[in-house]
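Both complexes shown next keep subunit A, but they swap its partner, so subunit B is in the first and subunit C is in the second.
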Partner chain A sequence: MMARIDLWWLPRALVLGLLAFVIFGPLTNLLLWTVAEKWYFPHMLPLEYGFSFWQRVFSPRGNAMESLMTSIIVAVLTVILALALAVPAGYALSRLKLPFRSLILLAFLIPQAFPNLPVYVNIARFFYQIGLNGTILGVVLVHVTHGLVYAVWIATAAFSSVDIDLEEAARSIGAGPLRAFRDITLPLAAPGLLASAIFVFLESLDEFTGSYFVGAPDVNTLPLLLYTAGSGGNYQIASITALLLLIPSIGFMLVVERFLRADVLSKVGH
Partner chain B sequence: MNDQAFLKVERMSVGYGSTTVLDNLDLAIHKGEFVALLGSSGCGKTTLLRTIAGFSKPFNGSIHVANRDVTQMPPDKRGMALVFQSYALWPHMTVAQNIGYGLKLQKRSKDVIDARVNEMQNLLGLGGLGARKPAQLSGGQRQRVALGRALAIDPEILLLDEPLSNLDARIRLTVRHEIRSLQKRLGITAIHVTHDREEAMVMADRIVIMNAGRIEQQGTPEEVYNKPASPFVAAFMGAENLLSMQARVNGDQIELAEGAFNPSTVTARSGRSLASGPVQLRFRAEAARLAGSRDTASAEPGSLELRGQIASVSYPGGHWRHAVRLGTDEILVDADTAFAEGETVKVRIPAQSLFIFNAPQGSAAAPAH
Partner chain C sequence: MQKRLLAILLVIPALVMIVLFFIVPLGASVVGAFVVGDTYGLGNFSKSFELYSSDMIFTLLIVGVSTLLIGLFSIAIGGYLTLGENQRAVAVLRWLYRWPMFIPFIVVGQILRTFLAKNGLMNNILVSLGVLTPLQTVGFLDWRGIVIAFVWKQTPFVTLLVAGAMASLDRSTIEAARNLGASRLRILIEIVLPQITGTLLVGLILSFVTMMSVLSVPLMINAQSPTMLTADIAFRINAHGDYGVANALGMISLLLTAGVALIYLRQSVKDRS
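And now, the complex of A and B:
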């Protein structure tokens, strides 16, 4: 009996090990690259370790910090614009009758249904004509079209999870529609809206294709820098940049996990 | 309608889309009156309440409060307060914040709000719970917070949408009396929606019985109980025993024709509008009296005597309930002592407990609740 269980551990351990390697292998590789001074084929591990590339990335002449700032400014503006659209849209959708609602929610998915590349090429052409190409606003607009689907879907779910009775209770004892929204609906939907903001923020931070066609070379976001460094064979710079991108992602994932409650999640897309 | 009425609903029709829930409804309520809207689910009582509150807009008709037309006013401008069936307490606010919110909207000073919130908490037995969140309260406490929140703004009209239906049966009985005595003490005009007959009876000055979007009857609890105006009201108020007979109206008297189980009986018409022909008889199990077949005590004048057989006996508490078979019909009759199964008995129904209606066209009797 014991022997059989022991035998079964062998393939299991193999599969688990393989899985761990698939998940953590590239990450480990990335981490190694950030501290590698010298590393070339056929060596399994870096030949020299050090932080000189970190100095280069964070030096005043290195453009990583500038790119990080650009990325954060773009992401924050994207969040503000996307939420400014998603809060009223989500509220209206959450209070609409069902068949209509699914249809409109589905419409927000349409931009995602097409291949990104031709869409962004066309946007870039159009933005070029109206002078938006190479501007922060142009990049923000592209990110908003991309992030709006998350923002609207999650905001709709967040507002749907606020019982209409709660709002009507405020109305019945003297609150106008805006006041009831501000005092009751908005605070109760806030966790869901925060989650939606974080999704949009992360999407914007990671977005590459749109930024490349609309922003480059004037607006240099972090993923663009990563691309330039990576394609130039400068793996250390690319890895350090990737690590910078990873930090907000992981931090916000933890926050999202805490705020996006099951009762909100269950209403996404309904 | 009465010009003294405080709340006046006139020729009002309400519906959703193409369905009409309330059709041409009139209702007048006096200041300080406690009115219960009673009916089974789907009868339109909640729609009527929500329309009065301003959450549903009528197709046509009007609503006046103290001679002020409020038909097109939004809910927050009507000077009413609605207590929801779900209580609808705001989970992100404390008990004190919930109760004080209406006053905050009126831009009262903090001292005034604190004093009023305290007063409400003491009035409703919520002392010391001000800092709790609704999730930390029992059902009965939540119900009282919802009531306190509505009462704090001193509404002209208090609207109650089945506020007791989510409470335990035992708490419900005490809260009934609490709400009623509070309403009397504060002199508020109140409209209470319920499907519970007993609740309506013990709480209300006047009961408005609704069926299929219409008002079937309105009157004091005693009136609707003892003088139901339609078979529906009779059945809803507990007169569930149903017999069909032929009647002949003769001036002030009604003659019920002899049937297989009863001799011909003459009873007073007592103001009933009734035509000769097939009739429905309704009466309550507790209103009828049971006697052995050899009982020779002569029946009171005007009372109906039936002869049947005991089909089954049960003891629901306080008295014995007998199912008495009359051919294919079965009626329920209460008695203080048990009769044996299969025994032949006489059932006597006093004239004042006998509700007689013309049989409805197409027959199908009003469903019992």
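And now, the complex of A and C:
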């Protein structure tokens, strides 16, 4: 028995090791680039390490801080607007009788179900005419439209997973519909809503194509900075920016299951 | 009746967003594709095919090959997570596979551009290990780089869906087949796979559409010709201000996706009923 198990660990370790290399090799490469002062072919590792590029990125005159602030402002506004739209919609979709309910749910998927590049091109043209191009509001509107599917679908699932009996119990002892919603349903759905907020926040933080057409060059978000630095061949700055974008994404991946419990997850899209 | 009105009022603002900032511009792009000068015509399309027909095939091939590989890998990983008998290996794999899932495409582009380049870390390692000499190294920053980037980023997402569907299957048929001596590969192909085709299809189609609209990866990894239609659209706008051809290319990529999206809609309607 022991011998057989030991033998099987060989291919297992080989495959898992290869997978680990495929996943962490490129990530390690990114980390190395953020601290590489001097690195050229064919040296496997950088020749000099240091943080001088970090200083340049975070210096008051560097545009990374400005981009970081822009990105965070855009993402926060996107979350606020998306949730303001998604909470009522999610409540109606999960609790109230709606005609064409499943078609409405599908409608929110449309921005994800069509290639959105031609759409952004035309939004940019339209926004240009009404003066929204190159403004924070313009970028936020684009991000909200794209993130609404997460906001609405997860909000709907979060409300659906709250036991309706609790709400009815509150109603039967005299709470009005708004009070029952505020004191019972909303707090119980809060973890799910938080998950949808994080999803929307990350979608906005990482969004490139829409910001590229609607925002650039006036609204310079982090992905746009990454792109400009990368095309200019400045791999250190690009890698540091990429790392800034990477941290929240990976952090969220590690905790997502705490917010999105299985009972909510199983109701997404229904 | 009043309640129904309330429900509609609660949903309307969110729906208006979708209509105003997605469906209307989508319509504008379709109409714009036919605008030639002051009249309507097919000029943009003939110009698109003349200039970019190789890019159209290139796009379909890249996205098609990527979708296929994503499907294969996600079945393999999901299958092992479901049928693997060594708990420790399953746990390691479960921890390992999802890392790239939430990494933004633009970061994937940057990471792989430095990793796969002719003088990138991958070749540096191979040279240091003595597998290659510096003269033998080749960069992967062409169609292969795009495929690698897409597969790297999208496989975890599809795997998550597939593994979830596999985990919720009825274990008894699997156990029964196992007791009768069926190999795990056979169980995966003949028992597990047929029951999760719907989920797999949904995941692959969402990935297909996503890959069709990603601009950053082709721009960062391979912007020279032949490249993907998304890069061509951006080029028509930025270099020429040519909305006609850009919209025509957009509509062509819409049509390429439409066939695939149709399968998705039919699938999800079927699931719902």
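The rule is short, and it goes like this: the second predicted complex is superposed on the first by the 249 of 270 C-alpha atoms of A that agree within 3 Å, B and C clash if a C-alpha of one lies under 4 Å from a C-alpha of the other, contacts with A are read in each partner's own complex, and residues count from 1 in each chain.
In this text, a residue touches a chain if its C-beta (ideal position, glycine included) is under 8 Å from a C-beta of that chain, and two chains touch if they have at least 3 such contacts.
In this text, all values refer to a predicted model and were calculated from it rather than measured experimentally.
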Three-chain arrangement built on subunit A, subunit B and subunit C clash or fit: fit
First, second, both or neither for A:165, with subunit B first and subunit C second: first
Which superposed partner A:219 touches (first subunit B, second subunit C, both, neither): neither
Computed vertex angle (subunit A) for partners subunit B and subunit C, CA, steps of 10°: 100
Contacts of A:174 with subunit B and subunit C, given as first, second, both or neither: first
Touching partner for A:139 - first (subunit B), second (subunit C), both, neither: neither
Which superposed partner A:157 touches (first subunit B, second subunit C, both, neither): neither
Subunit B versus subunit C as contact partner of A:64, first or second or both or neither: neither
Partner chain(s) touched by A:183 [first = subunit B, second = subunit C, both, neither]: first
Contact breadth on subunit A, by residue count: subunit C or subunit B: C
CA minimum distance (subunit B, subunit C), superposed complexes, angstrom: 11
Shared contact residues on subunit A - subunit B and subunit C: none
Subunit A - residues contacting subunit C, complex: 5, 8, 12, 16, 19-20, 22-30, 32-33, 40-45, 85-86, 88-89, 91-93, 96-99, 102, 104, 106-108, 110-123, 125-126, 141-142, 144-145, 148, 152, 202, 205-206, 208-209, 212-213, 223, 226-227, 230-231, 235, 238-239, 242, 245-246, 249-250, 252-253, 269-270
Sites on subunit B touched by subunit A in the complex: 53-55, 74-76, 80-82, 84, 86, 88-92, 101-102, 105-106, 146, 149-150, 152-153, 155, 159
For the subunit C and subunit A complex, residues of the former touching the latter: 3-4, 6-8, 10-11, 13-15, 17-18, 21-23, 25-26, 28-29, 32, 86, 89, 92-93, 96-107, 109-115, 118-125, 127-128, 134, 137, 152, 206, 209-210, 212-216, 219-220, 230, 233-234, 237, 243, 246-247, 249-251, 253-254, 257, 261, 264-265, 268-269, 272
Partner subunit B, residues of subunit A touching it in the complex: 163, 165-166, 168-177, 179-180, 183-184, 187-188
